[in-house]
Amino acid sequence: MNHRLGIPDSQFIRGDIPMTKQEIRVLTLAKARIAFDDTIIDIGAGTGSLSIEAGLLASQGRVIAIEREPDGFELIKANAAKFKAANVEAVLGAAPEALEGLPAADVVLVGGSGGKLPDILTCADRLLKLGGRLIVTAVTVETLSTTLNIMRQRPEYSVEACCVQVTRIQQVGTSNMFKALNPIYIIACTKESGKAVNENNSL
Amino acid sequence: MNHRLGIPDSQFIRGDIPMTKQEIRVLTLAKARIAFDDTIIDIGAGTGSLSIEAGLLASQGRVIAIEREPDGFELIKANAAKFKAANVEAVLGAAPEALEGLPAADVVLVGGSGGKLPDILTCADRLLKLGGRLIVTAVTVETLSTTLNIMRQRPEYSVEACCVQVTRIQQVGTSNMFKALNPIYIIACTKESGKAVNENNSL
Amino acid sequence: MNHRLGIPDSQFIRGDIPMTKQEIRVLTLAKARIAFDDTIIDIGAGTGSLSIEAGLLASQGRVIAIEREPDGFELIKANAAKFKAANVEAVLGAAPEALEGLPAADVVLVGGSGGKLPDILTCADRLLKLGGRLIVTAVTVETLSTTLNIMRQRPEYSVEACCVQVTRIQQVGTSNMFKALNPIYIIACTKESGKAVNENNSL
Amino acid sequence: MNHRLGIPDSQFIRGDIPMTKQEIRVLTLAKARIAFDDTIIDIGAGTGSLSIEAGLLASQGRVIAIEREPDGFELIKANAAKFKAANVEAVLGAAPEALEGLPAADVVLVGGSGGKLPDILTCADRLLKLGGRLIVTAVTVETLSTTLNIMRQRPEYSVEACCVQVTRIQQVGTSNMFKALNPIYIIACTKESGKAVNENNSL
């Protein structure tokens, strides 16, 4: 593997689609604990920047990048080609419908839900293997609170959440100015095999 | 490579040595753009958590982890053994002295300077190959401003800096409370081959 | 009025009760737009630090400080005496019950809800005059999302919210280190007389 | 005094001049611990929003608002008229020159330095009474580090500093999105009469 972690934002083909910033992309992948042979589903893949970096890490796995906007769908394909991420497959469609028939996954990434977050979380749970990780990135109070509310009630999941606030320091003349990016919330849910077994035993 | 990016903090052997948090470790590695065959020098390696994760990414490279505290030196060796990072070599000593005789590096990480930051930056520059990356993590105003002040004056370097503030969201009863971690500043300096050539040409 | 805005935290008598930090206290008062003759109800008053600073601003008004913990109730009285805030009246009791029979208010401050936030918001609305301000400070995802969810649905209210993150810079030896405080969310709801009139007219 | 603390940003006449946000304005005033009869000098007053809110708090004191841009100078006068802050006096000029001949001050606010921060801090010290407060707001690494470096070396001053990061929560459709404002650093320096006396005694 000759991939360098942390592709700069500027290297992706973007169009007008909003793109997850490098720092958040890397933290999302770290929370997902991606292994070299993982099967990864990326819901609301946007420009595909996260899918591609996931695909490069999971060099012997595969990434299914779901995006409902045709422009995004095209960008994912273009970026996968640019970064030679042959294991990233773009799917044009909206979750949860587009999740039907997908293979069992080690990692499900939820970056956009189009207002159907509870359904998407249910489908994601069905697709996720024991030991798998579900990672939701949130930019609204509603996505954060809904995800925590639903996932904390599922005893087979360990849930960990954080807010990440990045401030860029930009040179302006001879000064270095602070320029804030919007905060992002990352909710990382691990489907624990041990927990699930205990659950079953206790029935 | 079967490494999963983003080893949880709890998996490292720690003792009483302060440890870089997972989120900051991952972002530092991303800013360092580590490649599989890089030579990496980690100055002020502490528990070795950053060195080890760097070594696992640079699976065919090597990491020289410099730490002046004997306790830290022992922890680095113990963690390297635990995570089977055979390419991480612990060195007991203080920078800049301990940097003498080291090989040319693709990446120099500065996590602690013991009050000798300007000297360390000078030595790091000498060790760094063209195209190499120098990454300083700062928890004080002084380290941030000194690093920016020195590195912005070296025209062969591209300098990028940011502040990262992580807030953990912890379950307390039925509520999710926000618990702030201290902000960390990351200054990433790339020794540009193109820039250096132009510099030389202009002489 | 000889009050100086922004009493340092250290000047309040505290005991073991958690206290709103100075910066948050001042911002809460600013969002409440306290006038000199306001009637203010402070729910979950804790040590009374917010009540007292409100009482000093509303020098010809009054503050009713409700606290269900006897220790807090005593601290409020002690702090009111210390700062000569004779217009601050401590009430021992829990909301919403303790809100019965209170006078109409210009400002209702909600700092603690003991799990009864929806009821408290309903009672607060009943007490609030037209033009009055309801300010909720939140340290959990649940208080933030519940307050936004309820108050955004009441068309007579203008709702404004923010998160405030303060990082103290502390001298450690010759360095200045960053020490983060936990973020606080402030939701400020104004009961608009104009809006209410329009509402009534449209019936 | 019928002033309500925390005038919303939208009520000030602004033009194209950048304006301190409400939250930072209020915190700056709190750190300045303004009393009703204080003499206040505001250096780099911009639109005058801070000067005017200071003048309303110091209802029997006075504010001298120094601004080197003619547009700002006019805005200060217009805003002082709008808010009936007759005790705010606009001065067209640049610090440190414009500080010559000013009266002794209880509070000096430094919001802009035009690259002459060390000189301005020296002049401000000369103007400041014992017990007075010097408050510098910084948006660059350089202003933060220079102010800390200079003021920490003056033993007669107590120096306290913090970073304030405000994130607005905006309604977008049915969601509440987080929109970060840039962080501001506030350095509050109190010229301690006790400390100064001890200093003198020790000579």
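Going in written order, the chains are labelled A, B, C and D, and every chain counts its residues from 1.
Here, a residue touches a chain if its C-beta (ideal position, glycine included) is under 8 Å from a C-beta of that chain, and two chains touch if they have at least 3 such contacts.
The chain list, named the UniProt way, goes like this: A, B, C, D = Cobalt-precorrin 7 C15-methyltransferase.
Just so it is clear, the model here is predicted, and its values are computed rather than measured.
Annotation of chain C and chain D: jointly contacted by A, B, touch as defined at the top. Taken over every residue number at the interface, the positions common to chain A and chain B amount to over half, indicating a same-residue contact. Among the remaining chains, D is positioned farthest from chain A, on the basis of C-alpha centroids.
Inter-chain centre distance (chain A to chain D, centres taken as mean C-alpha positions): 44 Å.
Rounded to a whole number, the gap between the C-alpha centres of chain A and chain B is 26 angstrom. Chain geometry summary: the mean Cα position of chain A and that of chain C are 38 Å apart. Multi-chain contact residues of chain D (touching two or more other chains) are listed as 141-142, 148, 163, 165, 167, 169, 176, 178, 183. Those residues of chain A lying in contact with chain D across their complex are 139-143, 165, 167, 169, 172, 174-183. Remark: chain C residues 1-6, 22-23, 26-27, 29-36, 57, 59, 148, 152, 159, 161-169, 171, 176, 178, 185 touch chain D in the complex.
Remark: chain C residues 141-142, 144-145, 148, 163, 165, 183 touch chain A in the complex.
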